[in-house]
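Order as written gives the chain letters A, B and C; numbering starts at 1 within each chain.
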Amino acid sequence: MRRGPWLWAAALAAYAFLYLPLTIVVIYSFNDSRLNAEWVGFTWHWYHELFHDEDMLIAAGNSLLIALIASLSATLLGTMAGLAMHRYDLKLLNFMVLAPVAMPEILLGVSLLLFFIQVLNLTLGMLSIVLAHITFSIGFVAVIVRAQLTSIDESLFEAARDLGATPWETFRYVTFPLILPAVIAGGLMAFTLSIDDFVVTFFTAGVGVQTLPLRIYSMIKIAVTPEVNAVSTLMMLLTLGMIVLASRIAPDVLKGKV
Amino acid sequence: MFSRKDNIHEKHEISVADPYMNYRLPFRAFRVFRGLMFFAFLVQLNCAHAEDVLHLYNWNNYISDTTIARFEKQCACRVVQDYYSDNEEMLAKLAAGATGYDLIVPTGNAVEALIRQRALRPLDKSLLPNLNNIDQAYLNTVFDPGNRYSVPYAYTLTLIGYNSEKMRELQLPVDSWAVIFEPRYLEKLKGHVTVLDSQRELLAAALKYLGYFANDTDETHWKKARDLIIRAKPYWAAFNASSYIKELTVGNIWLVHGYSNDIFQADLDAQNAQRGFRILAGIPKEGAVLALDSMVLHKSGPRPDLAHRFIDFMLDGHNSSELTNLIGSGNPNLAARRYIQPEIAQSPAVFPDKTQQENLEMLRDLDRHQRRVLSRIWTEIKLR
Amino acid sequence: MNDERKLSRSTRFPRWLVSGPPLLFLLLLVAIPGVIMVFASFRYPGEFGGLAPLAASDPQTLHGFTTETYRFFFSDFIYVEVFIKSFVMALATTLICLVMAYPLALLIARSPKRSRNLMMLLVILPFTSNFLIGIYAWMIILGPQAALNQLINILLGIFGAAPVQLLFSPFAVMITMVYVYLPFMVLPLYTNLEKHDPALLDAAQDLGANAWQRFWRVTFPLSQPGIFAGSALVFIPAIGMFAVPELLGGIGDIMIGNLIKDQFLGTRDWPFGSTLAILLTLAVLLVVWLVAKLSGRGGRYA
């Protein structure tokens, strides 16, 4: 009713703005030319190159390993932070959890670089990246867990107490099952934040360790080949499949009810 | 009542940060699933080998794959390479604590910096019989007198690269920096010129054009160079690190301030694509920057034995020539010349003659104050 | 607060056990690095990078604390100019995002319930991929060989104007920044607009307001919290951006992010890099505070 033609036109233009660039990336990934300029002919060549690019595969492996360790640690610490934020009025904790998320990423990146080198005298590499990723992931997990806790009826805990449950039993049999979906969602989010991160990784990676985003960055900067198109296309395709799958398994995640 | 009010107040404080997450959450959640695709990659990953490994920290695309393969076969070891695209980047990363490299290939000034930092291992020349192959002109530099730590590997010049057809059409000189800096020439080239996105290189070219040394550190001279650059800047298309190779090849950029090996690469690509023009290199008569890259042993490297073997291997004429044939780099190895393709050997960018050699300068390292001042000048150049 | 106290500690873990580990971790990796950075900004740069020592046996070598980085910053207007420029860029990104996101969010919010999720999904989908891919996409589209640039130049040629270059220009930086941050604007706007009661619009219509008046008098004021939230989400990360100007920018595109990155990874001047980072932090805090103030005032409409 109140969706006039102008509104439609503006919205469609915005959609086109969102999709046109990605469509072009996909199309050129099949183009038989090094230059992303004119259409020459169809080829699988760039995908073939991609799966034989050892540096790229190592980078993908690193990204995965880092994301796994970082997300597991962040889930543990973030869940604790979420519980603490919900239960106790800790201004300091609130601030510490939100600060790394609300600041431009470059600030976290350079301050961690300084800290690792100047104070810890740590050689930059896997460990420094993992620590940095845990740092910015905790906040996201904590906020999701806290949001879930807010929606839980407090009388449940009172009931547990009245029944004589110990703190551990209350947590194990009441709190934990209730917040489990939030914990999982937070963990998955930490995982993707980590695997996706470019800026903080850029400053804390040192030289030896490449991650996928760092690899893509240097490819864009130094030598652009349609291999970048190929890896981007694969990433997008898989996302699409996963989202379709996810909408079947857990519709709530899609609606953002976390 | 009071606590309620407190709560509202507190909400307010974080109202900016809070939505940051709440709204980010739904679409961040989708990224979750993307991660899973990387399992596919993992399957492909090779298991780690337990064998002899040489860690090489080298310029991007600065050694031929065949050369690497031959060395790996000869020493029954594996060569692992990491890359950098800028000396500053390499130094910064080493300063940031990168370790484990047996061999690095820094440019002269970076060699000097590394020596002064005591980051290098002295060479054992008894293990390097092929050192005799190196042209005396490239030994005993100011950066490493007596070559205690470094052995020349290859060099590049920072030159003018140009589209042969366009420059002939426009009748512009290609033997002077004037064509990069003078508006009277640039008018005809507006939007078709790129310069290097490197503080030192661009400043050096401007200083050379003004008749100063590339290593001049007088601030008033720097400011003159800055003004020259700012005056020419509106005519340039971009500051560029390496994508000018492609732009030259497709004929979009006609004139560059660039590295000799990049210009060589652009020429090869243009010929392969049968573009109908060549990409040629011109050595400016005012002089240019010569970047001599040398092999050095980093102290943190666990395998100096393999590193020495590698250095001697690379000093062999045939092995050394492969790099020049591949990327058109300048070659300090006298024994290599007979293996180098005649057309490449004729290029002044690969083997400059004696008079040209005299005008070539190697850049020295700057101290911290000079670095800071240069950084400010660079900011001014970018912003004005 | 009262509820918390009421529940006896017997059902709870001790406070330190739950809050201790995350708090310690964050103090160590957020607070301490922040403090270190403040200290670093008052140091001298090391000769080869890093920081000069605090104490030196040879009094000739630079050591100890100094305010020279701050004096250096204010000794020349150039750095303030970079801040202003970054501020303007981030603000422009925010405003363009707002103009583009608003109709989209409004349309989605006014669509039938069952299609809303799909429409939001279509907004989110392009951003499930890394922002570097978005940058790369625009490098292709705006490239001089690409159809768009050639078409524009043909049109310009007809009108006798000189050809233009799209890539490596402020225009390229702007459009890509908007592309990267657009969803950050759509999401909070949609969340806000979705909650609006259509009855309000009906009432306005009954009172004789035309479509234009209904929007400016009813919808827009009500959506202010969403606008402020979205603006903060776009502005804050945008002001620290360095990858977009670096990869797509032309001869004059430099932001604070590039400057900071350069001090740490190029010029080896950590103290000055720290100074820039601290001043950026202060600038961001100022903006956050301002937005909080403004949105607080805008709250009376709600």
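Keep this in mind: a residue touches a chain if its C-beta (ideal position, glycine included) is under 8 Å from a C-beta of that chain, and two chains touch if they have at least 3 such contacts.
Since the model is a prediction, treat every value here as computed from it, not as a measurement.
Novice: Centre-to-centre on C-alpha atoms, which chain is most distant from subunit A?
Specialist: Between subunit A and every other chain, the largest centroid distance is to B.
Novice: Specify the chain pair with the maximum number of C-beta contact pairs.
Specialist: A-C
Novice: Suppose each chain is reduced to the average of its Cα coordinates; what separation in Å results between subunit A and subunit C?
Specialist: Result: the chain centres lie 17 Å from each other.
Novice: Report, in whole Å, the distance between the mean C-alpha point of subunit B and the mean C-alpha point of subunit C.
Specialist: Computed from C-alpha means, the inter-chain centre distance equals 32 Å.
Novice: Where in subunit C do residues touch two or more other chains at once?
Specialist: As it turns out, subunit C has residues touching two or more other chains at 1, 50, 123, 125, 128-129, 145, 236, 264-265, 288.
Novice: Could you check subunit B for residues that touch two or more other chains and list them?
Specialist: As it turns out, subunit B has residues touching two or more other chains at 16-17, 20, 24, 26, 30-31, 34, 93, 96, 250.
Novice: I need the residues of subunit A touching at least two other chains; which ones are they?
Specialist: 35, 37, 102, 113, 117, 196, 221, 224, 235, 239, 243, 254-255
Novice: In their shared complex, at which residues does subunit C touch subunit A?
Specialist: Going through subunit C, the ones touching subunit A are 1, 3-4, 7-8, 10-13, 15, 18-19, 21-23, 25-27, 29-34, 36-37, 40, 50-51, 100-101, 103-104, 106-108, 110-111, 117, 121-123, 125-126, 128-141, 143, 145-146, 179, 182, 198, 201, 211, 236-237, 239-243, 246-247, 257, 260-261, 264-265, 270, 273-274, 277, 280-281, 284, 288.
Novice: Which residues, counting only subunit A, touch subunit C once they are in their complex?
Specialist: Residue positions touching the partner: 1-4, 6-8, 10-11, 14-15, 17-22, 24-25, 28, 35-38, 77-78, 80-81, 83-84, 87-90, 92-93, 96-97, 99-100, 102-108, 110-115, 117-119, 131-132, 134-135, 138, 142, 154, 157-158, 160-161, 165-168, 170-171, 196, 198-199, 203, 213, 216-217, 220-221, 224, 228-229, 232, 235-236, 239-240, 243, 254-255.
Novice: Can you check the complex and tell me which residues of subunit C touch subunit B?
Specialist: Residue positions touching the partner: 1-2, 44-50, 72, 76, 78-79, 81-82, 85, 120, 123-125, 127-129, 144-145, 162-163, 165, 168, 183-184, 187-188, 191, 228-230, 232-233, 236, 250-254, 259, 262-269, 272, 288, 291-292, 295-296.
Novice: Could you list, by residue number, the parts of subunit B that touch subunit A in their complex?
Specialist: Touch list, subunit B to subunit A: 10, 14, 16-18, 20-22, 24-26, 28-39, 41-42, 44-46, 57, 60-61, 82, 84-85, 93-94, 96-100, 241-243, 246, 250.
Novice: Please name which positions on subunit A make contact with subunit B in the complex.
Specialist: My answer: residues 35, 37, 51, 54, 56-58, 60-61, 63-64, 67, 91, 94, 98, 101-102, 113, 116-117, 121-124, 139-140, 143-144, 147, 185, 188-189, 191-193, 195-196, 206-208, 212, 218, 221-224, 234-235, 238-239, 241-243, 245-246, 253-256, 258.
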